[in-house]
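What follows is a set of notes on a single structure, which appears directly below.
A, B, C and D are the chain letters, set down in written order, and residue numbers restart from 1 in every chain.
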Amino acid sequence: MKQDLTDLREKLQALLSEQHMQYQQGKVADYIPALAEVNPALMGVAIATIDGQIIGAGQDKTPFSIQSISKIFGLVMAMNRIGDSLWQRINMEPSGQPFNSIIQLEWEKGIPRNPMINAGALLIADVLASHFSSSKLAFLSFMRQLAGSEAVQIDRNVYQSELAHGNRNAALAYLMKSFGNIDAEIPSVLSHYFTQCSVTMSCQQLARSLLFLANKGKDPYTNSNICSAKDAHRINAILSTSGMYDQSGEFAFSVGLPAKSGVGGGVIAVVPSFGVICAWSPPLNPYGNSVVGINLITDIAETLGLSIYH
Amino acid sequence: MKQDLTDLREKLQALLSEQHMQYQQGKVADYIPALAEVNPALMGVAIATIDGQIIGAGQDKTPFSIQSISKIFGLVMAMNRIGDSLWQRINMEPSGQPFNSIIQLEWEKGIPRNPMINAGALLIADVLASHFSSSKLAFLSFMRQLAGSEAVQIDRNVYQSELAHGNRNAALAYLMKSFGNIDAEIPSVLSHYFTQCSVTMSCQQLARSLLFLANKGKDPYTNSNICSAKDAHRINAILSTSGMYDQSGEFAFSVGLPAKSGVGGGVIAVVPSFGVICAWSPPLNPYGNSVVGINLITDIAETLGLSIYH
Amino acid sequence: MKQDLTDLREKLQALLSEQHMQYQQGKVADYIPALAEVNPALMGVAIATIDGQIIGAGQDKTPFSIQSISKIFGLVMAMNRIGDSLWQRINMEPSGQPFNSIIQLEWEKGIPRNPMINAGALLIADVLASHFSSSKLAFLSFMRQLAGSEAVQIDRNVYQSELAHGNRNAALAYLMKSFGNIDAEIPSVLSHYFTQCSVTMSCQQLARSLLFLANKGKDPYTNSNICSAKDAHRINAILSTSGMYDQSGEFAFSVGLPAKSGVGGGVIAVVPSFGVICAWSPPLNPYGNSVVGINLITDIAETLGLSIYH
Amino acid sequence: MKQDLTDLREKLQALLSEQHMQYQQGKVADYIPALAEVNPALMGVAIATIDGQIIGAGQDKTPFSIQSISKIFGLVMAMNRIGDSLWQRINMEPSGQPFNSIIQLEWEKGIPRNPMINAGALLIADVLASHFSSSKLAFLSFMRQLAGSEAVQIDRNVYQSELAHGNRNAALAYLMKSFGNIDAEIPSVLSHYFTQCSVTMSCQQLARSLLFLANKGKDPYTNSNICSAKDAHRINAILSTSGMYDQSGEFAFSVGLPAKSGVGGGVIAVVPSFGVICAWSPPLNPYGNSVVGINLITDIAETLGLSIYH
């Protein structure tokens, strides 16, 4: 599906202009002070294709807090590290519950519903903290490799803020531990988890770093296999059913792409055999998804006819 | 994606042979006597393509009780009849709960999570019972049109059996009515719902009748628009996140196709821009999905590389 | 504990006067039109003692809809009829859930938590409908016997209104039936249940009719055994933990008497070895308990030192 | 109700003999090694009366782990310390859920249902840890005062064992903290809580130490007011609806006394205006209550006619 992206760049710019005032429909995440300070009017969008092109518009090179988008990368690392034994400790079903709910975790005896809810990401954090000598460094190194840039950073301010407001995540982790489904000490698990969430990247970096999901597991820039084709498939499936919090069904219904959002305002969408779209705008809708981010990806998917359900 | 299906017919036969004994891993639905009597060793498979070809193997022309597969057809009729106002009364999110659970319905104040769980299908039944002078005849007529056959029937024995064991569905319906989300009288709603479930069709008929979902809403046999392209997309999205009961996530993870199963042992899978697969074998796994049906569709999807997540 | 109630009559009048305006703190039940029409300013109170005295103040002889207070009488009839086998179909634990919740009933597989929540009372109604040739007549006859008056009536207007708004109770009943815990047809069960609720009695009649609970099962007026001493004990225990909806714990905490309320505005409290208090005022607090009814019983219990927890 | 307890002593011995083999119906708590090691055949019983008599049988002077019986004492200290403001942070309704459930705590936004479930006791522990310079010493000192003995101890072995297996309690505490309902640091809260649970006392000591609840708040040995008469009433009310875990309703139904059990095998029952019974035998029924403990108290209450519901 090789195509010239020159026209697309102008199109992106036009779509972004249309969203100019829409960010005011949302509300910047304020559960931690570090996120609440972000300028709500910033927005950016980028598209990376598996043939190596990358275009963008707006603040597409400005780093932002990737937050829950990091759950994808943690999952890849854990799948690579312990293989299918992972799925004995975590499920891959959509949850039908708020992303940070503790009720379902209790019902299902400490087995998280999927890796995209907080309980699941904490379990993944436990796998990494237990299997790497320094899981935080390993994670950062993995992100830099995928983004092709040493500029990928941890925002210490965000990290400290997360840690100071992490009581619910601690509750989820201790509950799983009470069921015997966490190996490491909880402070290590939380420290890894909040480190992941505190990585900052730009739209361009994120779009590029996820190309392997659109390319059967292979990074088109380095030709290295980031994961197996089968696992790329599986991750896209999980993103399709569970990537957009409690709006995942609606996003599939109206857009039709594997996607993941973060409360920092980023949204990524994978277009199999084509590329990755990343949009960013801090204000969130009531589900915790970026208002403008969803609008932009909806417009792009419709304009280019990218849905996987047609 | 025009292709010659001659080779495929042999392949289907081979895959079916491999499943010869696998049905013994499952258990025929026994919540109603009429279903429990079916010969568990029967099995069939058919593939219909949007260019008008149709192939099959085994008992691919034997009618069976379509059960919950009928939820797709009821949904199409309701979407056509009342348009987007439907989505004020029902959601499109995966449920994360057993298909006949009443708990989530109470939490969400009588708004069903999606049209593929029982509560959702009962709400659809209410829409149809309220908007057609004879919704049951209209449904049967719609099914015959799609299957291109007047031979599609209601199994009265199954219908009576369902009605006699329909207390849980009655509870769901009365609960929705207590929230003001059901218009018709409950006995009419249940009568429509159990009529839908009691339709019998063969693998060939089902595969053909759902081609519009793989073909942007258009029936390739008659060139008539069964629904809009947008609604075909939406239904495929719902089937992808919610079509396989509480195994929907796993099915997406391992197969990657919009699909729907019924406790009669049928499973259908939509392959956008290609066609529809229907497999049938009565014994079910603990999720209520046909053991052999899932195996066959998994094999076919893998053999032909049909997943939408690659 | 023989005592002269002359002084008490004046005390009652004084307490009632203090409550003169307090009914405005509550809201008359409006889920059915027939109850919403009641004059909110009416109020009455009566005390009957096991030595045969009875005093009252205000509208203590005005009949009102006893509603859920009827659950006590239904329970007595069912205990007398089928003995301890009743407790295989219903529990005696407090519920910790709203009185008409369907969630706990699902969790506990159709076994109601106790006879004072709606699900439990519907199960009792099933026992009666299944074991009496005419359970509604039997119930009315039982009430007239206990009240010592043929004037006890069914309010047909309330009955029809209940029936027309009984969808949630129908849902509870069908759910229990789906678990095999209801024998009779649901319409019979609901008809009995709503008949019970639609009985009208005055404060004086209610207080007198429940004296057996304060008197080890024996009606002091007739010296007949209404139930065994053991069962009187058991019913008082159930009323103590579960009689005041989701305010039962608070009522025990602050008053300390076995009690039962109804959405008609009545509240009864049993004082073992002394007598029964009945207060009535239609406006309800958010828990569904009469504001003035609770105030009056609280004052009387404190004034006379009646709590069972001292 | 002054009476000679000489005959009663023989009666106690006889009742105990009847229970000789009954402990085999239960199972010693094994969630921590320190409790699992206790000799299951030990049993004791004591009755202390408000007129200063105390009798017992069996191992009535052997110290055992009081576990959840400590919740009563913590509650008294917290009520005395912060008064009625306590009830803005905790409710007094029965829970209808397992004692260590996290689901209800989430539903009710971090407000525990009552002080007898674990979440409630952890909240009480937070009050004490936040309001005493050394809450653990204060607690131990309070226990020694009530028991009239400096021999009351903390079992360090049990304490360490609890701490090592305290993940679920940590989850409850962090969840409450996420709702802003815990002030102190979680490790301090847990440390206080497990210290409380690890106190060891004998039947005689426990019976004597709780006499103030049967005596309108006053310790009959010292004539000091341990709490107000009103608060003694309130605590008895809470024990009546919520003291015996998920068997509280049944205990009220069949015995009819305010009571509290612990997984160490102790059970105490308050008889207002008479005294306190304490029975001990380690093996527990499925609800976590001592099999023999319940049997003994049931027999004594029946023999002496002690129920508050008659």
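Going forward, a residue touches a chain if its C-beta (ideal position, glycine included) is under 8 Å from a C-beta of that chain, and two chains touch if they have at least 3 such contacts.
All of these numbers come straight from a predicted model, not from anything done at the bench.
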item: Maximum centroid distance from chain A, chain identifier (CA atoms); value: C
item: Intercentroid distance (Cα basis), chain D paired with chain B, Å; value: 56
item: Chain centre separation in whole Å, for chain D relative to chain C (CA means); value: 32
item: Set of chain C residues in contact with two or more other chains; value: none
item: Every chain pair in contact, whichever chains are involved; value: A-B, A-D, B-C, C-D
item: Chain B contact footprint on chain C (complex, rising order); value: 101-103, 106-107, 167-168, 170-175, 177-178, 186
item: Of all residues in chain D, those that touch chain C in their complex; value: 91-97, 104, 113-114, 216, 229, 232-234, 236-238, 240-242, 246-250, 252-254, 256, 258, 272-273, 307-310
